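Next up: the structures, one after another.
Below, subunit A partners subunit B and then partners subunit C, in two separate complexes.
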Partner chain A sequence: MRIAVLSGKGGTGKTLVSVNLAAAAKASTYIDCDVEEPNGHLFFKPEGVQVEEISVKIPKVDHELCNGCRKCVEFCSFNALAYIKNKLIVFDDVCHSCGGCILVCPESALTEKAKVIGKIKKGVSGEVVVWTGVLNTGEATGIPIIKKLLNADNPQGDQLIFIDCPPGSACIVMESIKDADYCVLVAEPTLFGVHNLGMVYELVKLFNKPFGVVLNKCLEGENPAEKFCLEKNIKILGRIPFDNELGTLNSNAEIAVNKNEKYRELFSSLLNTVTKEVQHETTTNP
Partner chain B sequence: MKIVIPVDEKTLESKVCVSFGRTPYFLIYDVETKESIFIDNSAAASTGGAGIKAAQIIVDNKADVLLTPRLGENAAEVLKPAEIKIYKTITGSAKDNIDAFIDGKLPLLDEFHAGFHGHGGN
Partner chain C sequence: MKQLLILSGKGGTGKTTIASAFIKLADAKAYADCDVDAPNLHLITGWKVEPAKTDYYGLPKAEINLELCIECDQCRQNCRFNAIKVEPHYKVDPFACEGCGVCEYVCPVEAITMIPAVAGELMLYSDGEKAFSTAQLQMGSGTSGMLVTEGKKQMKAATVDTELAIIDGSPGIGCPVIASLSGVDMVLIVAEPSISGISDMERVIKTAAKFGTKTAVCINKYDTNIENTEKIEEFCKKQGLPFIGRIPFDLGAVKAINNGQTIVDIDCTSGTVVKEVYHKTMNLLFEKGGG
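Right after this comes the complex of A and B.
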């Protein structure tokens, strides 16, 4: 069962929730898809880490064969090619690796070459298998890394897989939740938080995913995110208090579940609710 | 000599467009014949790489000089081998800038920004 944890903005608590759910689940898999700034590994401190480089294919020009027809320049939607002074120029960083230019070249002047854009790492922390995707700084998109992470040799069936998504609701998040069985949206009790919750709410509806909300940083008094959930009739899976002790543990890269019984109870109960929801969804909407 | 300027409107009185790659029009001004031509910038609506495509358009129109408030580094990479000289515009209309250029009052643009490729924005 794949559970994706997402939020409209960074700093809402995706990693807090996904790391602690995975730790509470004991034998589980945690996948950090926030490839631009993965931080789940800081909590898990995985051991026996294996690293695999991830590359994409970009075009390479044979200037002897190129006759300057510009079919590739006209084809590229991202304008990664220009033809200047009888010479084809390729902008590696702009290329989205679709391979189209190679197909349309009538002179076979373009061939593929590999370009490393990042890596994936696999390690173990207690009973949790920890996957981390890392995108090199400056690269256009982490989607090839996320694809690799989610197509990796992950357990099937009932074992829980927690997908820690990148923030926002763009392509990179869509790729992360595409094959999820359930989505957990983490929300903050601020107006800004509600706006961003609205964005991911629309996204999971668009993808027709079953979902529920975790209200993080809950204070006494009115919670705009809770109000949003009540208005839209969204399932509230649990509440995490705005709590100095939890904040301190988290900023010291400790897994709260492993440090304090009250947080173990909090996240075990959340895990229980989430798994019941997922099972309910998979039996009613298989 | 042909001068190219990104402009908001199709008149010599138009302001210079703040964006090179996504300007709606380019003014091409011929210093010898004093003729002005306005062309649509087909790069304006590009998914990405607008600066590269816009620069390709400038090169294909055989420009000698580009007057622009700023330029991305990819566009600069395209214009460099084409030996197009790039000058930084001043406040005022396209016409004011042409006059300033002819009078030698515009500085060369030699700092290129890294682009606005959606980082943090989406």
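Right after this comes the complex of A and C.
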């Protein structure tokens, strides 16, 4: 069962929730899809890490064969090719690897070469299998890395897989939740938090994903995120209090569940609720 | 015009909180929200007027005319984005389609057309004196980098003769961040004293360095982890990056934001410190020989 954890706004506690749920579940898989800024591995400190480089295909020009017809330049929707001073130039960073330029070249002057954009790492931390995607700095898109992470040979059936998503609601988040059985939205009680919760709420509805909300950093008094959930009739899966001790553990990249019985109970109970919800959803909407 | 961009790598460190305070302190005439995935700056900049809205067209999406389609499978075989589905007839998944046009090119019977598609919305708040450009990407859409570029263009086009522009960036290091970096004079990084925050800060600093942009660092919520705060200051010293302030954790800031105010609109500790950070930033941005 694949459970995606997302939030819209950054810094609401996606990694806190997904790491601690995975740790509470013991035998489980954690996949960090926030390939621009992956942090889960800092908490899990996985061992026996295997690394695989991820590359995309970009065009390579044979200047001997190129006759300067500019058909490729005209075709490229991404402006990744230019013919300047009698020479065809490829802008690697904006190339989307569609392969169109190779198809349209009448002289077969273009071929493809691999360009490394990042890597995926697999390791183990206790009983948790930890996957991390890392985009190289300066690269524009981590989508090929996310695809690779989610297509990796992961356990099927009842074993829980937690997918830690990137912030926002754009293509990278969509890619991360595409195959999820259930989405956990993490919200913080601020005006910004609610506004961005509203956006991911629209996203999970658009993709017809069953979902519930975890309210993080709860303070005494009014919680605008809770109000939003009540108004929209959204299932509240649990509440994590605003808590200095938890904050300190988290800022030191410690897994709270492994450090303090109080948090083990908190996240085990949240895990219990989430699992029940997922099972309910998969039996009613298989 | 000098452009200041606020970035952080990690989300939720306080980019918008600090950007909004700077806008207020500078009485900025030009500013933009480049976090097109999750824009929030408009929530606390107090504009009473409605913004002028323009549709943003990303790349077009392919459409298959089933009356012409002979189901030869060429489009599906050549699509690198797995956007062509057969269920049971040939169909384009608009979310997977990146608009490259390969399917249109390979189709032997011209059954595929590229149709322009709205991928977001640009909004411009303006009263003749000040201009605030913001944008919202459509759910699950790509091309956020292009929308960021459009948002910056819109801000520049609407402003006449001002010395300073403040741009609120997005988290991460990918296409929207890269697009927001182009042409700016200085980046202010809002770091957070956590192990995650440090790792993310280092990655965004590396990204900005590829553009050769002058970069300074401040820490928000510094007192939530003094040890990590010291690590960040040490890192800045080693890298030769100006370190320009420690902003304390402050529940007053949460209160201000939830009231739709900036932290310099009310009397609170974070607001007091952010004024110093603002002055140091302006000194760096406008120093001679800089930028």
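The rule is short, and it goes like this: the second predicted complex is superposed on the first by the 286 of 286 C-alpha atoms of A that agree within 3 Å, B and C clash if a C-alpha of one lies under 4 Å from a C-alpha of the other, contacts with A are read in each partner's own complex, and residues count from 1 in each chain.
In the analysis below, a contact is a pair of C-beta atoms (placed from the backbone, for glycine too) under 8 Å apart; a residue touches a chain by one contact, two chains touch by 3 or more.
Nothing here was measured: the structure is a model prediction, and the numbers come from that model.
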Which of the two partners, first being subunit B and second being subunit C, lies in contact with A:V104: first, second, both, or neither?
second
Figure out whether A:L206 sits in contact with subunit B (first) or subunit C (second), or with both, or with neither.
second
Kindly classify A:A82 by the partners it touches after superposition: subunit B alone (first), subunit C alone (second), both, or neither?
first
With the two structures laid over each other on chain A, which partner does A:A170 touch: subunit B (first), subunit C (second), both, or neither?
both
Is subunit A touched at more residues by subunit B or by subunit C?
C
With the two complexes superposed on chain A, say which partner A:C69 touches: subunit B (first), subunit C (second), both, or neither.
neither
Thinking of the overlay built on chain A, is A:T137 touched by subunit B (first), by subunit C (second), by both, or by neither?
second
Which partner chains sit in contact with A:T190 here, subunit B, subunit C, both or neither? Use first/second/both/neither.
second
Quick check for you: in the superposed arrangement, does A:F91 touch first (subunit B), second (subunit C), both or neither?
first
If I apply the document's touch criterion, which positions on subunit A are contacted by subunit B in one structure and by subunit C in the other?
77-78, 96, 140, 168, 170
Any idea which subunit A residues touch subunit C in the complex?
8-12, 15, 34, 36-37, 39, 42, 75, 77-78, 93, 96-100, 103-104, 135, 137-142, 166-174, 188, 190-192, 195-196, 199, 202-203, 206-207, 219, 224, 244, 247-248, 250-253
List the residues on subunit B that touch subunit A in their complex, please.
43, 46-50, 52-53, 55-56, 59, 74, 77-78, 81-82, 117, 122
Any idea which subunit A residues touch subunit B in the complex?
73, 76-85, 87, 89, 91, 94, 96, 140, 168, 170
Note: in the complex, subunit C contacts subunit A through residues 9-13, 16, 35-38, 40, 43-44, 59, 78, 80-81, 95, 98-102, 105-106, 137, 139-142, 144-145, 170-175, 177-178, 192-197, 199-200, 203-204, 206-207, 210, 224-225, 227-228, 251, 254, 257-258, 260
